[in-house]
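Have a look at the structure below before the remarks.
For reference, chains read A, B, C and D in written order, and residue numbers begin at 1 within each chain.
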């Protein structure tokens, strides 16, 4: 099989580097195009990231020599790649416009950015949860007069950390009414250079701009229903989120408390763990290359999950859950953890692209 | 004025060292007796803590040369000190017995340990909140046939971090119904050597044994009422706590969400901040040496309080509160922070002793 | 090919866990025996390491169910494994005796421990450097009347970090006269729980017991010559080492300054880099499974090598060198880095065993 | 006594904030003028540092309300302050010109910046070492036609960490010939935001731009002699420095090895410790407010000095030395530590100003 050619927009940033790393030796996709800010344009990729390469593997030889293009110039991409991953670090308006310019030019965009997350006709895909939202692509093309191009986004990395265990419970018939979240998020979530070391040595920062809002609003769209080319949000879960930055390289940890709608039929602790462990969905059925074998792992030890020790579970694509116990105010509480730059960023984006390919959109 | 002679039990441990440090140059108290485990007994204090002194000030010269006694032998203390601070690191039963042996021998015990926190006739003092519980000392002496001796305890360091802002609101007439807590606690809370560095480099630990229970149960006793020699707990606030260990030396941070009993008359954000800033109590009126000028500071900046930057506020004795905002599930949420080894341990113990002295118990 | 059965002594410790992790799916060796302290004996391996498993991969399923034996009882090992890796955490005398008891009972010992490093007839193997020292095994067996058993050791993890670049230069004809080392060593080098977090948050410790001596004395044995069943040390390099502990999980970094014997014929910077990059030795020729493709990597960037970003180079088995530049006092200086628990511990031990197997000793 | 009015140029940066903090309640100086980049100009100081205040004390009330001026406009300073501390963060040429503009306008400049460190007629003052260099002020004024203004600089913060112990030995008659330095430097040395947290979590960086050169060249000027209005450098010590950044907030640690010129008369370990402990100089004689009681402390414990535990010794103004032992290559080796933002920056600058005042230059 010939590989599908892909581009990475924002290839020199933190998420972009993760794309470059994770796509090395990908069985379906091959990086043939890299683009970044005008500053990097014209340089070989290895020169553009010199002194800034944060991965603990070497720069893939094939990509090292590709000349970086200016991501703003969609004309440079035409003919060089079949679709792009977008991880640009621009403001919301500029990002939205840039992504649209690619889609309009027949280059599908699989985006990590938040710019289009709340755009009505853009699906926010998590392949284990809302494969049905793929239908929005047809509506989107129709709305906008696009032929081949389209935009799909993924959710915020933090949302990704707790939404799968929640969805698994709802899918098993246990509707959730209320949810309390407190996050302890990794430094890599802010990119590079991102958070100053003086803020994270012997310190934490109890604030991440815009993050609490994302945690509270994205689930409604992810869990929404698509009918007649319209995506209707499901706002039935009330959510409160406190977001914090902690001195961890990779891996977001979330303390979750939840309340079921039906207090009389709430599942037992053993039932919940069973639901999580047996949860399996479309990516597993299709055996997508980046899909974890199990989307959710439950760990029995008292003091787990821990970011450094659990984030790499199943290629960094699985959610690790632990410490399920009764909550003194709601019904249950637990700790959920995922790798924010793999599952929560580049790995999640690649899984989206794999689903799109498997379903014939790429 | 002649200084009151005090002893420190568990003087070589982390909290013990903080007592030694904070009592240097205290206007009322003078350390004349130090005791620890049999291993340390017979050594000069400076030798007993050699290679283990964790403070960033030098060992006070006067204490350096005191010979450490075995804390189990109350006979050694008799005549050498007028009361003791207890910070021993023994199991609960041994601690309880040891503290009773001092009290029985006419040596009042101002304790940091958890052993007697839930003992019915032992008050859990926070001078800004429940000075009225001092009356339990008389009941305690009567119950146990003790003449001069008694035991008072302080709360857990984490409880200390959020209980003052809560109490201030209730005192102002805003009864609280429910409270959600997620803590991010400093390494020093586990003593030395305590938590392994491999658990706190690029990592957090979402579990601290027994801590969630303490956070959930201590407030009822602290906020209780004393009548006829009995302390009746006030369990009217439902509390849920998630406790986590983070890579911070000193300073516990707590994310708090709360719900008022009377939804119709809940205070505005401005009123709450005013209540906190104007909160003042007995230690401030009595101008106790260790008392902070203000028990609670509210910080306006988005990203505060932060442990390294705010823990030392007002000698490390104040609570710093910030980020008060509406909660999507309950009424309000905020972040509360205090210095766990000062306000939450040795400094809090000294403040208790100062109140006892001012009220004639020492 | 049937796999050779191996045991791991000290299997529950930090280095032992790394053996278990790295031997999963090894093409030649299979873990069939695990032993540790009497405390762990009788438990399934997964239970014995519960709450203490530090690896970021799961416990290999095959090993999880093996019952741990008491490492002191060599009788338990007989018939269950063909050789053992020793990573026990006992004092020097006990370790030496324990390892001898296995060797005497026809079970070869590939050791990570320091107990026998300076024993005259025990070779300190680094396969890229002193394969010729294997001849000492025959002498050792003869000296001690052992038939099949023997003991080989590896060097200290820190020595391993700088000795290969030094040896490569000497092998190329550039004899070294003096060497200055300052190390910045990872926490994992001290095992678990090892260094207290309070010593490594916002702190470093400029002391590691016994480490400077090891750094200064081991090279003489490693670089020594074997003739007539005797190993003669080569003490021609004068070495001074300062050793420090820094807040890093894995990866020792060493600042090296060196002086050549022949000032007039010292190599240029370019020649040195070429020598390092082209260095290849027996493990590479034999294509041993654990051997890095290149033993030494040179990195051009100003600010590298860095532990988190470079320790995993070539499976964690390569040394990464950078910042080669002139020294104001000696001739050259550079920075050398290696993964202390892979190349410097379990990975290095496995490479030793692979060499022994390839040469017919296992 | 009326206080001398001082300004702080670069008052919003890391060093500037330390000046503001340390000058609160200074007995001789009062901050009456603060200046920074045009971005901050026109704002109240408390607004200009909002979200960036890194100190663990509150902004001094008197300074909080001062309106920040543009540091480039010397006209704003005239009449508002009697001298300035310079801690601007501009490039070398711009800094040099800016400092000269103040001096030319009769405003003496006590600088932390490196721009004028190697300027021939500008003294690099360390009050304990080269008070005699004050004479260069007269020469400087004459050279440049300045009346009241002048520029004095302090050394690099790292140089400050090891130069006093070296000078104390030379002053006692033990001339040093060679010195090897390896530094482990705090994050605060790079200012705020400075080093990215992703570079200092589970990591160190073995490179600091320009730092090795400063460590190797500044001592010659500091130890130089002044005669006939000329400062002659003393380059008799050969120095090699490796500089590293480690995850520490404040406190530079330096591993030092040294060789005496006269091998036959080198002092014993006991003599060296005695020399250090008894070292006292002009600031101690004059009892300058910021002077430490002892410039050098020697710590006996094996594992000290450590940055978090020793940096605050004697108000953060003392050097702490430890681990003096023989060196296998040179004569002795030891570890030296100082607080880089107090002794090595703002505190050192204030001490310079105090000496200038005591000697009649301010």
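The rule we apply is simple: contacts are C-beta pairs under 8 Å (C-beta built on N, C-alpha and C of every residue); 3 or more make two chains touch, one makes a residue touch a chain.
All of these numbers come straight from a predicted model, not from anything done at the bench.
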Furthest chain, CA centroid comparison against chain A: D
Which of C-D and B-D has more C-beta pairs touching across its chains: C-D
Inter-centroid spacing, chain D versus chain A (mean Cα positions, whole Å): 47
Averaged-CA centre spacing for the pair chain D and chain C, given as whole angstrom: 43
Centroid distance [mean C-alpha coordinates] between chain D and chain B, Å: 40
Touching two or more other chains - residues of chain C: 54, 199, 201-202, 247-249, 302-303, 308-309
Complex interface listing, chain B residues touching chain D: 50-51, 53-58, 201-202, 249, 301-303, 308-313
Residues of chain A that touch chain B when the two form their complex: 178-180, 182, 184, 199, 201-207, 209, 216, 238-242, 244, 246-249, 253, 255, 257, 302-309, 322-323, 327-330, 333, 335
Contacting residues of chain C [partner chain B, same complex]: 54, 187-188, 192-202, 247-249
